[in-house]
Amino acid sequence: MTAERDVEREVEVEYTRLRIPFGPIHPALKEPVLLRVSVRGEEVVDVDMALGHVHRGIELLAEGRNLIQTLYLIERICGICSHSHTTCFIQALEEIGGITPSKRALYLRTLIFEMERIHSHLLLLGVIAYEIGFDTLFMFTWHVREKILDLFEKITGNRIHHAMNTIGGVRWDLTPRMVEEIDAYMREVEKSVKYIHNVFMDGTVEKRVCGLGVLSYDDAVKLCVVGPTARGSGVDIDVRRDHPYAAYDELKRDFSVVVERGCDVYARTEVRILEIFESINIIRAILDRLPDGPIRPKENVFRLMRGIPEGEAISLVEAPRGELLYFVKTDGSGGLKRLKVRTPTFSNLIGLKPMLIGCEIADVPVIVASIDPCLSCTNRLIVIDQERGESNVIDVDSLRHRVRRRWMRQ
Amino acid sequence: MVICMFRLSCKSMMFRVISKGRVKSPWIFHLNTGSCNGCDIEIVAAFAPRYDLERFGCLLVGSPRHADVLLVTGPVTRQMLPRLIRVYEQIPEPKVVVAVGTCASSGSPFLGSEMVEGPVDRIIPVDVYVIGCPPRPEAIVKGVVTAVKSKFR
Amino acid sequence: MDAAVAFITSFPLVLVVSLLFEGIDRKIHARMQKRIGPPIIQPFYDLIKLFNKERIIPVTASTRVFEIMPMIAAAASILGASILLSNTLSGLGMIGDLILVMYLLAMSSIALMVGGLASGNPYAAIGFSRKMSMMIAYEIPMFIAIISVAFGPPAVLTIDRVIKFQISTRLPLAVSSLSMASAAATLLLCIPAAASVVPFDIPEAKTEIIYGFLIEYGGPYLALAKIAKAVSNFTLTLLVSVVFLYIPSLLGEEALINLGISLSICLAVSLLIMFATITVPRTIFARLKIGQAFKFYWMLPLALSILSIILSVIGL
Amino acid sequence: MKFGKMLRDALRSLFRKPVTVEYLTKPGRMVPVSERFRGRLTYDRDACIGCLLCVRVCPSGVIASTEDMKVAFNISRCILCGQCAEICPKEAIKLSTQFEIITGNKNGLILK
């Protein structure tokens, strides 16, 4: 009897649902992803995801280039967390080559890392405000973010792609004046973020973000989500504390891992706001205890690259969006045999489905934004022919051959 | 003769008014064809209070039917290729295409990848290139303004 | 003034003033966000550009409906605005023109909805259904508030007579009695939804359904739709300022003699109303969801409007 | 729950000077460019010794060697990483602070 009713209901759902292609070109999404959303009235009944619109074949390209070229190539995996990618890659290289960067270099790496976290989280807060139609808050948040970008430009010479890391150290040093400037800016940013935190508790914002997109603790553990998405569901993980890298080993006492148990969009947002304060604390600690010394080895970067033997290594960092993993295998003559990147969004996207089902259409952009998707990070080396709906697996060797041929031609 | 002169001047007046309207209200559609987000966030930053593209009358619209200016970022990936062409065709004439960033302008550093269908100008005509990785928001502002002025005037 | 002359001259006046209002709204909105914003005559530039763009009709659309509906929308809202304006200026009132104006306003948004639905885009369909529920939410309190004018002290539904009543009591209607105050409050609360701005721009939400039913309109059609929206926003604010907050009535009989002064005072009041009900909400609020908006309108404005009708029947 | 927390700030900024930098509308107004800014490449042809180190480190194929053992740059491909300037032993390649590389014609961006 119940089975019959279920079938009847299914037929009814099938009959009344409306399939909406959400993306890949949609003003709410800054990057292309295709969510095929099936709705009934305003309620979302099913979600299907199609990725690969930003797939540029970076891992394959990296295999045809030398290590220095690859360093700048993988910086272009993502414009928001570019420093995390290079740090992770360089750490693996340094492990293979047995190079230890100086203390000062590690501290500077961490400094840029934390500043990037602030900039990334502020960007996301702005995007969430934009999704819920709160333009003024969006403008305000992005204006605060401009200050961080100014600092980036002063320290490294570019607002987005910092090109800070090099083999065995960092490329740019801090001057005493910059230290003062960073300190002053941090005070300003702290004040503004407190204000933003207050505005995020506004009634209309709360109506849009509270109790939405619930990802329970069990689901979060089962689906292996990482970063603020996991921490918003009460999972206490953080690579900075669990497997310290760069200078985090010595900065352990200066920050705490923010964990919220709300499991909804608001919890994830709040984790990010509170993490900004933690990042400011870390930056202050770094500025206090910045050791003296050289920032990079005296040797030419080309010679350093040549000196890296054949080997393989795995490296982990906590990018603004969560755990980022690199597997690097070098060929001993300054090139790469294999590069594998697992980005945080790749893990987090799977968590979207339980969040989205049952919500309204109006909530879809907010929930998608709340995991802070960075799709340009995620799309690599999956060849799917979307128009024909078949996945097209190309043999790795033939693919490599074709790529080489094109590279030679150009 | 006089009537003819009057008509001509009326016509030129009309043209001037129309071109003024076009120059003063370029509505922007932004298309990401596989960029690294760097250019995309800089385009949005150009609309933020610091640079405020809206003082030139620009609006960031969400539907290509409303747009005049197409800002393309990213080397065109294989999956975005048909969508780029479709969006370009959906924008009503007259329209301007601005390639923002180095990878949209020339495909570097992704040139040679099997999944990248080359720079934007291999697929649709581009009016202005803004080079930079990513370009500063100021450069984007200037790129849009020069493109609109050169094409619509 | 002659009614026909007033009627004809009010067409261009309505267009220019409502577009200027939109420009001022955008400028203030930008300044509240700490930026410079577009020039005040920006809507004119937009319209000139849009009218000279290519017309594209999507293949999925039913062509006739898609083409005609924006024209009907623009015509209806301009007609409504000029009836309101000319009946304010000239002493010749049509009986029941308040209802006519309200009807024309509703008509213009319904025409846009239908035209958008004819485009065959799924987003437009969602926009249509959302706008439908929004209209049910705000039109009912609005109509009840207008009808309570007929039950209240003026006891008419003619703009001209309402104005004369206000002049005779030397008080704006909203101040004169409790029932009219609550009717005015209802109308003010309904303006953001009727103008579909944040927090009630749910049918046209850009980041959710990409302008809803306007998604497939481009070029001249979009221009017509923009005109329809700008003019109906202006009409709503002017309606409140003329019917409920006729400040020139403080001048007494002079308000009818110096029409220029009283008209400019009315426009200034409607500008203020626009600032308070359109610009400020869209700056400081986030967009609500359709269920929440519906609940809000059936909780507060509907209750207020019913209260106003009860009060006016009692005679307060 | 409170509504309209931004009201005060919004009204206050209505009467304050906007934070916008009036770039292009008023001459000379822009956000100051930092000294380290990595902008358009400049090339000192006389100082170049033709070691071609820059060609080998360039990640995006900007630099090509010419017949007289010097190099030529295709700036439209440049991603402004600054690695060539860093590795050049004679400092023949430098990065200027010019950030507006805007052109309608890519062929004009070849630097020799």
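Descriptive notes on the structure:
When the chains are written out, they are named A, B, C and D in that same order, and each has its own residue count from 1.
The criterion applied here is as follows: contacts are C-beta pairs under 8 Å (C-beta built on N, C-alpha and C of every residue); 3 or more make two chains touch, one makes a residue touch a chain.
The shown structure was predicted, so the numbers you read here are calculated from the model rather than taken from an experiment.
A count of C-beta contacts for the chain pairs B-D and C-D puts B-D on top. Chain B and chain D have centres, each the mean of its CA atoms, that are 20 Å apart.
Chain D has its Cα centroid 49 Å from the Cα centroid of chain C. Centroids built from CA atoms put chain B at 28 Å from chain A.
Separating the centre of chain A from that of chain D, both taken as means of CA atoms, is a distance of 25 Å. With touch defined as above, residues shared between interfaces to two or more other chains in chain B number as follows: 49-50, 52, 55-56, 62, 103, 109, 111, 133, 136. The residues of chain C that reach two or more other chains are 30, 32-37, 206-207, 210, 283-285, listed in rising order. Multi-chain contact residues, meaning those touching two or more other chains, occur in chain D at positions 3-6, 10, 18-20, 31, 59-61, 79-81. A complete topology is adopted by the chain contact network, contact being made between every pair of chains.
Chain B meets chain A in the complex at residues 31-42, 44-45, 48-50, 60-62, 64, 74-75, 77-80, 82-83, 87, 103, 109-116, 133-134, 136.
Across the complex, chain A meets chain B through its residues 24-27, 30-32, 52-58, 60-61, 64, 69, 72-73, 76-80, 82, 123, 139, 142-143, 145-146, 149, 158-161, 374, 376, 379, 383, 386-387, 394, 399, 402-403, 406-407, 410. Within the complex, the chain D residues that touch chain C are 3-7, 10-11, 13-14, 16, 18-20, 22.
By the touch criterion stated above, chain A contacts chain D in their complex at residues 65-66, 68-73, 75-76, 136-137, 140, 143, 150, 153-158, 161, 163, 171-172, 195, 198-199, 201-204, 206, 300-302, 410.
Those residues of chain A lying in contact with chain C across their complex are 18-21, 26-28, 39, 41-42, 129-137, 139-140, 143, 202, 204-205, 207-208, 360-365.
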